[in-house]
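The following pair of complexes shares a single chain, chain A, combined with chain B in the former and chain C in the latter.
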Partner chain A sequence: MSDSKTGVKALDSDKTKPKRKLYVGTQALDYRRDHMEVISPLKDGVVVDWDIVDNIWNYAFRQRLLIDPKEHPILLAEPSTNSPLQREKAAELLFENYKVPALFLAKNAVLTSFASGRATSLVVDSGGGSTVVAAVHDGYVLQKAVATSPIGGEFLTDCMMKSLESKGIVLKPRYSFKKKEISPGEYQIVDLDFPNTTESYKLYSTRAIAGDIKESVCRVPDTPFEEAAYANVPMTPYELPDGQTIEIGADRFKVPDVLFNPSLSQTIPGMESIADSTSLRGLPQMVIESINKCDVDIRRELFSSILLAGGTSSMQQLKERLEKDLMEEAPQAARVKVLASGNSTERRFSVWIGGSILASLGSFQQMWFSKAEYEEHGVSYIQRKCP
Partner chain B sequence: MSWQAYVDDHLMCEIDGQHLSSAAILGHDSTVWAQSPNFPQFKPEEISAILNDFENPGSLAPTGLYLGGTKYMVIQGEPGVVIRGKKGTGGITVKKTNLALIIGVYDEPMTPGQCNMVVERLGDYLLEQGF
Partner chain C sequence: MSFRMKNASSGMGVADHSRDTFVELQRKKLHRYVIYKIDENKKEVVVEKTGAPGETYDDLTASLPEDDCRYAVYDLDFVTEENCQKSKIFFIAWSPSTSRIRAKMLYATSKSRFRHELDGVHYEIQATDPSEMDLDILRERAN
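Up next is the complex of A and B:
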């Protein structure tokens, strides 16, 4: 399923008309409309609103891919911790509404593993809404060896946003100003007022800017972040869309270090109440936790094939820092190797790439859950056919 | 219908051109109700460990599921009802009914999905019959 960034929907909630208009996709989001709310069907990486998912799939099939789902078997990627109820809901939706001829549910971690050509690996998927660490062995996720954390790209973006706000920097959303050329090369910023813009849209636009700042200047520090050590670090300039140039210093290193030390987020003004970060673990702890829940025989193999996936894994120096931290915490004899494909697009879409590989294998063709089987045995059979 | 017939006709049957490599129906006390000719020699401790996992789902995950000395990695099953294990290209499915344990062992080219269908289908039938 799409992550909240690419599949975010907008809806027009005009109070006079009871029916609401839905816009899907990132292109629709770039255009500001009155009363338009930004909503996502996912919460912490899990689907909570199936109606919206139905709309997204409908848009994807009919408007973007221009296909009739009746003619195409669907391979659906699901979270590694998906509950049986969610799987049945998805299967029911696809068979009843879209009348797909066949379906298979594959776990995200397994597909990422296949995308890198491995049947056994420890997959660290750090996406927008959450981070999931799952152990895959011979193409199947091991029961109990999955660790999740709500800290993902969006949490880090929020940290960056709150940190900048506390320093007095105002992030003006793109729609709220206009650049007027007063003489060749010289621009003046004119503020525009749109009173009917919803809070959620404003927040979305502000987050988009903070997210871009995070992606361009942030680097994971080589050692755990300390206020004192980074107090005098040289500042990096960043130009905001409205022309204002801001300097970012310690935050460059502090924000990414939240992945390794979640309690750091408590020191950012405005973030204290967001999460009960005392119970949250950093990435290295999650990796160790997941591996320790696995069979002793495969732990070595898992340590030497740790895969990074997801948008947040493209953070600079993340791979090196994770490797270093794990080498300290792992048992002596283990060789720690963290792998990541160099291309950030590949990391972001590794699940899709793995799915594409799996679906094209000859040996996979007998594993589909067909419409006939669904009609004969009911939706609960999906649990047996797609372990 | 005798238990052996259940094993021969319903567990070792052909599904999509494949069949299980071995299967058995055991009682909760490790007694063999029926088994296929090449079903591995198992130990009573292995069966009690399996039963324990049905009571406390996840207890077998760190150590692995053993049957006849062969170790299977535990993958996602259904807590309290089905345990699924994998070993290389093959694996095992164990379904618990009121009085019995139905075990199916498969190897390639059979898929886990097919093994699950065979074993669990019989399990559902026995549950209906009260076994």
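Up next is the complex of A and C:
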């Protein structure tokens, strides 16, 4: 699965030539180390550092799955807008470094669509790093109709984080304190100082807390957010890891509404420079834009089969609000139906679920791009075998 | 193996009998509807049930399982505004939300290949719950 995993490296700053030691996975990330940076191989949803991807895959195969990739055909789920060059790079890496016996590349949106039983649908995949809206017709992504936005779960988490910080709330990362028992059942917080902690690690740890706050208290409002309307909304309490209890009010609704109105993020101190939000579209706009780029004949069907996928799609009331906004914007005669699996795990991992089943179907086994074919026809043959 | 399949198809085959039964519906009006099922062991799409010409759309919907997927072909007879007798053939991809994801994947990925074997289908409907294949929807499409 080619998704936003975060690799980690430690830069030994004493030596003149930086020697990179890489740590992979959430377990490794949860342990603070001096000079350890948190990095991602992706930028705007596209792989920019294949060396890191190589390390992540190696870790996944050898340390977690405990398999030898030589013995297992690989089904790789790729972004719906993956370029031919990126596909060939992935294929090359897998065949040359890992010696896989066979490979297949499937687009994320297609797997999600199939996993819901549809060959035609409009897939709204809102994940951590970005949101991608793709029209799938008869199992094929209509490339000209894909809309992307850098607004995803991480952007929303940053909005929450900056908003709380601007109100004077300090989110202490877990590594920066410890709880000392001063008498049975009574704890005191002792601040720990780790001057060699990198900024990226501090940010990662702070985001983890803000992310949990977001997931616990946020709800998409029924109507577009307005400061005045929510000025006196009842506050919801949240206990931080250091024991401090904070209260969250309007932010509960303001942060999720950024998905529908990106310019809202500009009103949060610290978020102004993050993105040129004037060019960013909200979810309903992206859906309409995508559908309008498709043939008139299939638009009706797309409006009535809008699928929600990705972690951020589990935001409370997202489905209801999107449906409502679309019913107002869509052409008169169109039936608007937004579908989302009731199970949040299914929503988050719909791509993986679809892929794992596809790869296991008996009838699929003849579709693989084999090592023999790779050696005979070269890497560009993948464009024919996995259109 | 066709390389022109532009999707993540499952490579499922189509039994001759499946095609022949469709032609019987289309040309000889021998059936009102045909329900198809995927036989995983034989790796092909086979006929599960056919409906006599006298049967109705309700008979078709009653024959579809609640929590498993199927393909169906229905011959819709109707009268137009100008009082013309017309008949249109519908292909229905039945994939209820209550069915197992595995079944959904299987039927969704095999659909394109199968559908293209049925030359002469006028309209296609994908339904994940009974309301999506309501007779009114078919009538709307046909007009």
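As a convention for this text, the second predicted complex is superposed on the first by the 370 of 387 C-alpha atoms of A that agree within 3 Å, B and C clash if a C-alpha of one lies under 4 Å from a C-alpha of the other, contacts with A are read in each partner's own complex, and residues count from 1 in each chain.
By definition in this document, a contact is a pair of C-beta atoms (placed from the backbone, for glycine too) under 8 Å apart; a residue touches a chain by one contact, two chains touch by 3 or more.
Treat the numbers as computed from the prediction; the structure is a model and nothing was measured.
Participant: Check the residue A:339 against both partner chains and state whether it touches chain B (first), chain C (second), both, or neither.
Facilitator: In the superposed model, A:339 contacts chain C only, not chain B.
Participant: In the superposed arrangement, does A:279 touch chain B (first), chain C (second), both or neither?
Facilitator: Neither partner.
Participant: One more residue to check, A:116. First (chain B), second (chain C), both or neither?
Facilitator: second
Participant: In the overlay, answer first, second, both or neither for which of chain B and chain C A:84 touches.
Facilitator: first
Participant: Which partner does A:367 contact after superposing on A: first (chain B), second (chain C), both, neither?
Facilitator: So A:367 meets both chain B and chain C here.
Participant: Touching A:140, do we find chain B (first), chain C (second), both, or neither?
Facilitator: Touch status of A:140: both partners.
Participant: Taking the superposition on A as described, I'd like to know which of chain B and chain C A:245 touches: first, second, both or neither.
Facilitator: After superposition on chain A, A:245 lies in contact with neither partner.
Participant: By the touch definition at the top of the document, which applies to A:383: first (chain B), second (chain C), both, or neither?
Facilitator: Touch partner of A:383: chain B, not chain C.
Participant: Pick one for A:298: touches chain B only (first), chain C only (second), both, or neither.
Facilitator: first
Participant: Please identify the positions on chain A that touch both chain B and chain C, taking each partner from its own complex.
Facilitator: 138, 140, 363, 366-367, 384-387
Participant: Would you mind writing out the residues of chain C in touch with chain A in their complex?
Facilitator: 1, 3, 5-13, 40, 43, 69, 93, 95-97, 99, 101-112, 126, 128, 132
Participant: What residues of chain B sit close enough to touch chain A in their complex?
Facilitator: Residues in contact with chain A: 16, 58, 61-64, 71, 73-78, 84, 86, 88-89, 109, 111-114, 116-117, 120.
Participant: Can you list the chain A residues touching chain C in their complex?
Facilitator: Contact set of chain A toward chain C: 104, 106-107, 110-111, 113-120, 138-140, 301, 304-305, 339, 346, 353-354, 357-358, 361-367, 384-387.
Participant: Spell out the part of chain A that touches chain B in their complex, as residue ranges.
Facilitator: By the definition above, chain A touches chain B via 84, 137-138, 140-145, 293-298, 363, 366-367, 369, 381, 383-387.
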